[in-house]
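Chain naming follows the written order as A, B and C, and within any one chain the residues start at number 1.
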Amino acid sequence: MTLFLQLGFQGIALGLVYGLIALGFVIMFKGSHTFNFAHGQFVAIGAYVVLVLLPRMPYVLAFIGAVAITVGLALVVERLLIRGLIGRSVTVVVLATLGISTMLHNAVLMVWGVGSHDSVGPVGAGTTKVGSVVLPNSALATVAVSVVVLAAVAWFFQRTRHGLALRATASSQEAALAQGIDVGRMFALSWALAAFLAVTASIFLASFPRVVSPSIGDLALIAIPAIVIGGMDSLMGAVVGGLVVGLTQVLGSNYLSDIGGGRLHEVLPYVLMLLVLLVRPYGLFGSRSIERV
Amino acid sequence: MSVLTSPPAPRDAATPAPRAQGLLTRGRIGVLLWIAAMVVLPLVLRSELWLGIGILTLIVGVGALGMQVITGLAGQISLGHAFFMGIGAYSSAWLGADKGLPWWLWLPAAGLVAATAGALVAPVAVRIRGLYLAVATLALVFIGLYAWETWTSLSGGVNGRPAAPVLFGDQDLSLGIMAGDQVILDAFQAWWYFALAILLVVMLLTHNLKRSRLGRAFMAVRDKDVAAAVVGVPVTQTKTVAFVISSFFAGISGALLVSYMGYFTPSQWHLMLSVDFIAMIVIGGMGTVSGALLGALFVRAMPEVVNHASGFLPFVRKGTSTDGGITGPLLSGFLYGLVIVLILLFEPNGIRALLLRAWRRLPAPLGSSRERRKTS
Amino acid sequence: MSRDASPASDGPPALRTTGVSAGYGAAGTAVTDLSLRVPQGQVVSLLGPNGAGKTTVMRAVSGLLGLHRGRLTGGRVELFGKDVTGARASQRVRAGLAQCLEGRMVFPGLSVAENLASGGHVRRYRGGALTEARDEVLTLLPRLGDLLDRKAGYLSGGEQQMLAIARALMSRPKLLLMDEPSLGLAPRIVEQVRDIIVSINEAGTSILLVEQNARMALSISGYAYLLEGGRVYAEGTPEALEQDNDIAAAYLGAGTAPVTPRGADS
């Protein structure tokens, strides 16, 4: 039971990280009608930039610096490479973001190389004991920060003028324009928000196997099953889907280690996602109409 | 809303395109010239780099046509091409290398196994569309990767395994074709003609498919699911058939690919391979045979050329980039991604449209009138 | 309501277009050399058959052509004497323009209250100011007051039309564009919409009204333009147009049955 609780907590922590990444996907998808397969590279870039800045400044400043740089990059990519494709077919937009992903991935390798680097993480390697359950501090920090960030995002969407404008834009670009909402700025805002979430996720993702390597970009793709399970256009679905994936992976890696070469947990989210598609093609929280996109 | 605000209605997909007059239309002349060039090329081309690119282009051309069927014609975006190619590759290796069957058995079998996999996936795939289909097929790639890596008795695990050889009698295609001591065709030439022959068959199949009732049903589904159902096209069944045909071509292409390379690993069947195939048809030109082939050439040649040329660039270093630095493969990967996006932005109809426009600017040869009909 | 033929001449017109031409990519020109004027304080209607270019005119005025891959190919658009020809949609809304799009286009997933708040986007209402503006709008459309927490997608067609109008009013516009507000509504609701338009106008907002329901439009307009094939075919006061027998017969449905809302448009 103790083990289960420990694993469960780890799973929730990892799931929240996936949830942050998945939320970024969904925000970009809703805000600019672009399913951005390059989002994983923003996560990787965020992790690397934190790593580079860290020896020179305190953690918080390194984080803010990484957010600034990654958001800036996301804005440039959106404006120069994506904006011109709005309204084109799904195939074209998917290929474009995959192309951008390839570009960024190779750029990351050019700058930082194929090797992996040790990562520090925002908190040390200590543990905290709650009853008989031993919880790593990194997982506790992950949960605490993720919950705060998710609450802030929810507040932004529900309570602020720009949050409302972003939701309006997601609902109908034409009607949003008619209200005087600058739709181009909403596209940019959605990408900036997603990039911020990517960097936040990256510092915790880098503290799970405590390394930063180019594979982080691919690792972030696991957010895709999360989104599909939750429903592609649902903010809440993204977080719930992330939790499902995180728990599946952590519990699976422990309890299913004897079957399928001990790596079954890596593909379980994808299997789960196919099952969800079979039963409920628009996800647990998604709206039906999205199927047509 | 005024009528003029809606985009011009697409040409009724059920109406066949007007046939050009005569036996020697501009399109047919083009195809014959192309075939002639393909036959002569390996005899005059002495660059192993370009021969290799050419052979790989012919091989992946088969897969690109499969992609064209599912995405270009039937409008269903699939990221699962790498998965079906992998299935073809492992089937062929098992039958050809482990069981010792001849190529004329393992090659069609590879296609059939992949097609069967396509038929098994279809019930899920036909229910969803657009982005959902893209990510569902993406899941296939990751599940496939896992399967290949863990099924070590078939795949050899991460170390890989040998592929099935193409044998004519006791002659291995990869060693060239000899008559006694006389080399008739070297290995490159032999593989070129073998791949060309198979590609031609697949091209002919695709071309006829496109003009058949089934092909028109594909396009009706692509242009509008609901409308297609209304005019009596069985949408689910049509999509299933498109999946099966596409997977069949993918399986053949995968089998040929590994047989040409001789040895292969599970990591080859990664998402990136699927991306290459989508790039081929979108960059080449959606929905046409020639577009798929142009795209295949672009995708195969562009990285190789950049990689090759980067040897002459001062800022590019040799070896691998362990802790940063621009190397040839990285630069070519970066430019590959960039060029894809730029073409999407500035030439939405792909290289084929670009070439056609250039072609039309030339004074019309053979005194024929400017032909506006799309040639495939 | 000002129904006099010579429009009030205090200040520049709310809207003036001069020689406007617009089209959509390869589809050619949808509107050619179109000049029209909405004097301040008036209701002006834009009539014509399907495909005459009415919606295109609206988009040229509101800055939404680009969204539909359309383009202004010539001419000039002025709002209250200010040239907005190249301005973005948001700038035009800030200049006092608001619009009710054809087909209502409320945000279905947002509540009625949120829909209304989005209409006030450019005014940057804070706290109490938003409620104040909303209450002001709701005096004109009281029914919506009971539906504030309802998702807009669950409203009836008539309620959605009311919401679309209310949303447009949230920015306190000086000029309101209305594209087919009576479309697809029951005759009783059309009457209500008509009365609301009259009240909005009486409160001082100029209105450019696009309608297929010519009788309804003319009954509240001070001036009307008749569009055909992207050009102004005729213009004048409702009385003048109705007196021209050819026009009345061909476009205004003279002598036919009472006002019936058209069904599906394009």
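Just so we're on the same page, contacts are C-beta pairs under 8 Å (C-beta built on N, C-alpha and C of every residue); 3 or more make two chains touch, one makes a residue touch a chain.
Bear in mind that the values here come from a model prediction, so they are computed numbers and not experimental data.
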item: Least hop count linking chain A to chain C through chains in contact; value: 1
item: Chain with minimal offset from the mean of all protein Cα atoms; value: A
item: Chains most often in contact, by C-beta pairs; value: A-B
item: Euclidean distance of C-alpha centroids - chain A vs chain C, Å; value: 43
item: Centre-to-centre distance between chain C and chain B (centres being mean Cα positions), rounded to whole Å; value: 52
item: Whole-Å gap between the CA centroids of chain A and chain B; value: 32
item: Chain C residues counted as touching two or more neighbouring chains; value: 69
item: List of chain C residues in touch with chain A within their complex; value: 62-64, 67, 69, 88-90, 92-94, 98-99, 101, 105-110, 114, 117-119, 121-122, 124, 167-168, 171
item: Contact footprint of chain B on chain A as seen in their complex; value: 35, 81, 84-85, 88, 90-92, 94-96, 98-107, 109-115, 221, 224-225, 227-228, 232, 260-261, 263-264, 266-267, 270-271, 273-274, 277-278, 281-282, 290-293
item: Interface residues, chain A side, partner chain C - complex; value: 87, 161, 164-165, 167-168, 171-182, 287
item: Residues on chain B engaged by chain A in the complex (per definition of touch); value: 71, 77, 79, 124, 127-132, 134-136, 138-139, 142-143, 146, 149-150, 271-272, 275, 278-279, 282, 286, 320-327, 330-331, 333-334, 336-338, 340-341, 344-345, 348
